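Please find the structures below.
Each of the next two complexes has subunit A plus one other chain: subunit B in the first, subunit C in the second.
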Partner chain A sequence: MSMKKASVSKRRREPLTDSQLLMTITIGIFAVMYAAAMIFMGGGFLRTQQFFDLLNDNAALIIISCSLTIVMIGGGINISVGGVIGLTVMACALFLNNSGIQNGPLGILLTLLLALGIGLAFGVLQGFLISYLEIQPFIVTLAGMFLSRGLTTMLSVNPVKVTHEGFLALVKNRLAIPWLGYTAKNGNLIPAKLEIGAVVALLIVVLVYFMLRNAKLGRHIYALGGNQQSALMLGINVKRTRFISYVISGLLSGLAGFVFLMHKPAGNASVAMRSEMDAIAASIIGGTLLTGGVGNVIGTFFGTMILATIQKIIALSPLNESWWQEMANGAMLGLFILLQSVVLSSRKKKARTTS
Partner chain B sequence: MNKRIIKKGGVGQLLIPLVALAILLIFNLIRDPGFYSIGVAVNNSGNKVLTGNIISIIDSASELAIIAMGMTLVTAACGGQDISVGAVGTIAGSIFVKTLKAFPDINFGTLILAILACCLVTILFKSFNGALVAVFKIQPMIATLILFSCGRSIAYWIVGSATPQIDSPIINSMGMTIPGIPIPTPIFGVVLVGLILTLIFRLTTLRLYTESVGVNQGAARLNGINPVGIKMLSFVILGICVAVAGIIGTCRMGQVSHKTLLIDIEMDAILAVAIGGNNLGGGRFKISGSILGAYIIQMLTTTLLAMRVDPVNIKAYKAIVIIIIVMAGSPVVKQKLTALWHRIRSGGLKPASAKGVN
Partner chain C sequence: MQGDAVLTMRGICKSFPGTKALNHVDFTLRKGEIHALMGENGAGKSTLIKVLTGVYEKEEGSIHIEGIEGEAHIHSPQDAQNAGISTVYQEITLCPNLTVAENMFIGRDEEMVVHWKDYEKKAAAILNNLGIPARPRQELSSCSLAVQQMVAIARAVDMNCKVLILDEPTSSLDEKEVEMLFGLMRDLKNRGVGIVFVTHFLEQVYAVSDRITVLRNGELVGEYPVQELPQVELVAKMMGKDLNDMAQLEQLGQKSVPGEETVYEAERLSSSDSKPFNFRIRKGEVNGFTGLLGSGRSESVRAIFGADRVTGGRVKVHGKEVKIAKPHDAMKNGIGYLPEDRKRDGIIADLSVRDNIILAMQVMKGFFHPMRRSDMEKFADEYVKALSIKTASKDTPVGSLSGGNQQKVILARWLLTHPDYLILDEPTRGIDVGTKLEIQKLVLKLAEENMSVTFISSEIEEMLRTCSRLIVMRDRNIVGELTGDELTQAHVMKTIAGGVRQ
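For the complex of A and B:
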């Protein structure tokens, strides 16, 4: 606790806070890893498109990781995000197919509202139970996970493919950036392409970054996670702040569901299974502490990219089996956790000896 | 204030889970009295066994109850939960099968050897988790997230194939029933683990030490208790529980499948601990509450199945019941309800007194 308070008060004097230091390490490791992949794997990794593909494939994961970072900075946890994605994807797919509003922007807009509505409902419900009834967040969001997964299978046990033409046309849209592209063998310039979902995810990262850094709400969330008693004494409405953090988390999960549907236009009971754990891992790798008060969404973004890069490297290597993937993820996570612990405790010691 | 809490500690904590269980029991009695019928049937291997919903509930909640006991200890000492129990249980199952397969035939000697090997391996894995938590001061959930994400892969890597089978009368009698005894064997596993833990807590000061580390680690250290040791010990005990649960699960199926063995049990175990009225932030604990929680969860599942709810949809109903149970246990809700009760009583008195004046 004292360490976190110190990190806030020493912001002016010290060059880096704890969260900035952890974030720097994360970015460094990502750079090293990507460079190693470029050197040893060559091929696709030398093209910008490979990096963009990481963004395209993991847009939903980036968004829920941001939502988890917000909640974790506030000292809470939300393990229902994966379930909410699954439910949103299924509900939106069914709505698009059965609403009867074909081919217009109206249908897509309503679907987006439905996705956000589902996320908002989960956020409000969980936030209310956690902050106003003071029930443990783990249990509430675990129940939220069960509820969303159960509702998903209630909607449909079988996979639902989106047939709505307007939506499928929207999905095909790409943001093409010619100067980052490469020249193919036949001399054509192939521009690097970014999906809409990836653009949305990047926007969310930037928005959340400024929200946490500059907005009153963001600073309140940091204060709440750092020390709830102090936050209360500073006159912060602790309950409302916590409630809002869960509402934002829910909304972002709903949005992530819509983004997921834009990447893979089909609903399935096993969509985003266990992705909440990936999101937690990404947040931790990015330097967010589960104890609250410390964290940075840029770090989270690079945490997600590290997980995505591991996945890509293993998919392209001869070890392409799911159990290798899981082992690599586990090893990476273990490495980061130990590194963080060592770095933080050595800093603590240094601070103690100098003061 | 403190004295009041200590006085209240006893039965108060068990009130909510007991009421929940009672409501489930009464609900089932009204819905279908035949739910409680217990019969005797002859199973495939020619043994007489007890059958019926109650027996199947108690039998199939065995793994959950055993893991919930260990989870209670870890929760109390470390103020966090272990989410790798399912994965490590699968590793235990793999080691069990691997050891038994190393010998030409399965007899009691090899069985005991396999069980010991299992316990040793799970203790090693759990010590790794315990060291991360106790020495490196990492949150338990994060420290166990590592094995959560790669434990099942390690299990697959150990046995080298998807579902290795073991078939032997001894394994069957461990997973189902021992010839001549009509009660399913896993129930004895729960009783055994429960008895051993009860004895440990009755005969030693471990309970007091664990609670004091959970309540205030610094104060416990100043009083001469070693928090690192206590936390490690709680993880070691959880490791043994996980090994037993993994062996029971493997014997029940006659095979170890790294994808389905003890799947999602970590979440259910944490739920059992919470439903049992234990604080997930550490401190005072009641193992009996967690065992009760485990049976409530299984009872709920079986009730829903008996009501012909589609198995894939059970989770949604379970979520609603869980929320109701934890809401009933929430101190804020209790406070508000008592305030409401007082207001109703005083509100009820006022008109009466007014009438009296008239």
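For the complex of A and C:
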């Protein structure tokens, strides 16, 4: 791998692609925003832990944002991801409490499989309807959203708190990184801590990044989103590619549900409510185009972090009301779409005049 | 199978509801030849190619391909590729968001992981070898159309194709780019590839082809070596009639005499895409804008119609100063515009023929005054008949009509509004010879009826036959205006090249 990297950097530079350009803008905005928070708000923002907490609190969102980026690059959409999280969390919580498999790692493993199974089922069903029966993805996944929310409430109207001791013990685990920590007033070194879920989310970002960039499947997804007809003519199995993209999206939603449960071990009918919208926003802010073919999961990661940072800033400021949060998100998204279209159209104009 | 044939199709039949698209058609392609497949729209060229490439299933007949024992079975584009048949379509079928190299290799027996370095090295070698000016890591959308076309060919060639089908590859290229493409075609031919070349440009057929197969109404007319079939005869065979129609046009060629009254006048008109220019047209006059692709001829007429953002200048219609900032203003002033890009700016593919025809009139009336159904039917009937639009019914979606008939529908749309001044931007592009003639005749007839027409075409002969005044453009400026005896091909070329007067 490292040898390949070296040769990559030796190749002649090409101008940034649209995808790379949009991602660069996103990272830049995140950096500016975070730096501003460090300067003006100080306090927690000066510690690595603050950044880690953004990851800890938003691990599930990061995962479903990745899942949305995949389908959006392929020219689709999946708005069932939040519902699948809700259903997975509830089902897993009930399973942990009631299955009778007490405390061993086996119970946890089975719960993980249950989470992935639920995601897989949604992915396969939706993917089949969208790819092979050619039904609009928006409609299919809207139905999936209703279905999953309905199922969640059916499983339990009341919140379900996980009592499984093994799971609760697992959840307490942290990845502690001393050199990123800080020294408290009493002289103790307090290491920066990452939850397991955050580590999983970061792994997923890296995995999806390489899948999209280097795997045959990933490139086919780009081709599909770039021009479906062309993709077909180029010999790509368009239907299967689209199907797999939804299956992956479903699987990741299930995984996100498990990660969510690790962060807050309780099922609730309103868990991850509307998180699909945040995931779409994060993907778009990260430079994914709704029209497909353009996008990058690194950008999506930073898109999620931008949303998370806004949330944190508002929570720590005197404006701590939910509507400020929503308005800030809305403004950010609007600004971004505007920026994207300005940048892309000015590039197009430039390309036209030079050619 | 003949000795050096790479592809033999025998007795191919294919029908669609209501029509027999192919009726026992034979086609033979030899090694290292460029074989033009000619015919008017609806003759069956596209169907034959789609059968060959596995898009359609043939009903009868056999296909033999060199190197394949017995009959070749082609049921999908993948099958065709595997059998060594590659196609480059008019619309570029590559992915604009991927790199040049990736477009050349994606979808072919790949491994699970993409080896970018290999891709780029191989792509660079092929591009180099074929002399294609593209860099492997360039995003495809940053290449010109001609280069994109060539990348598509490079892909096809690298797949070791024995048969390369080029379906209207030149229709969006300018002359220099066409020459580049021809160079590439000749090169491939010398390497033993059999090339099927489909085009509407007769000159191009004679410039590169070795052999011509003519189809008409789904039937084979014949196969001829190119030197044994003069251009006029080719046209006659394609149309299935004598050259009367051509002669008739020559007769009609006494162009209408423009009246004195100025219908439209623009002074230093400019738009976001065009430089300031002056222009006037008189009643009953047919004029043309000519120049190479990108010379600004389309941009100028778009400015007249208000299709791009108008940035300056004064406009008079019938001597009265008016403001034309958007197409609706132009329409209210009696100006109609048939756009260059039929698919993008012209037809609304999913609406019926009837709805497409009445569209402009409905817009003029305003959407709160819907037209009566009976009127709509009447107008549609009238123009379907007057322009002999070939359509199954008025309710047929216009997208399913052939290019020429779609063009007629848009013409009908404007004629229905009875404009004083009609702008036709490339009305004959991509349509068959017969319809081309019809449209030219119609232009002359409209002028006789005192309509002013601006006619733009890439084929200079067409403009020379119809226009009484030609405005020559180069690099977005008007560089000359030709009338009377100056209207010869040589003169036009000279003006385009050198600019006779400013």
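As a convention for this text, the second predicted complex is superposed on the first by the 341 of 355 C-alpha atoms of A that agree within 3 Å, B and C clash if a C-alpha of one lies under 4 Å from a C-alpha of the other, contacts with A are read in each partner's own complex, and residues count from 1 in each chain.
By definition in this document, contacts are C-beta pairs under 8 Å (C-beta built on N, C-alpha and C of every residue); 3 or more make two chains touch, one makes a residue touch a chain.
Since the structure is predicted, the reported quantities are computational estimates derived from the model, not experimental observations.
By the touch criterion stated above, A:Gly235 is placed in contact with subunit C alone, subunit B being left untouched.
When the two structures are aligned on the shared chain, A:Gly293 is found in touch with subunit C, with no touch to subunit B.
Counting the residues of subunit A that each partner touches, subunit B and subunit C differ, and the larger count belongs to B.
In the superposition on chain A, contact of A:Thr17 is made with subunit C only, not with subunit B. When the two structures are aligned on the shared chain, A:His164 is found in touch with neither subunit B nor subunit C. When both complexes are overlaid on chain A, the residue A:Leu129 reaches subunit B alone and has no touch with subunit C.
Note for the complex: subunit A touches subunit C at residues 4, 7-8, 11-12, 14-15, 17-19, 214-217, 219-220, 222-223, 225-227, 229-236, 293-294, 351, 355.
Contact residues of subunit B toward subunit A in the complex are 81, 132, 136-139, 141-143, 145-154, 156-157, 267, 270-271, 274, 280-281, 310, 312-320, 322-323, 326-327, 330-333. Within the complex formed with subunit A, the subunit C residues making contact are 77-78, 81, 87, 89, 92-98, 102-103, 106-108, 110-114, 116-117, 120, 135, 137-139, 141-142, 144. For subunit A in complex with subunit B, the residues that touch the partner chain are 77, 129, 132-136, 138-140, 142-147, 149-151, 153-154, 157, 269, 277, 280-281, 284, 289-291, 322-324, 326-327, 329-331, 333-334, 337-338, 341-342, 345.
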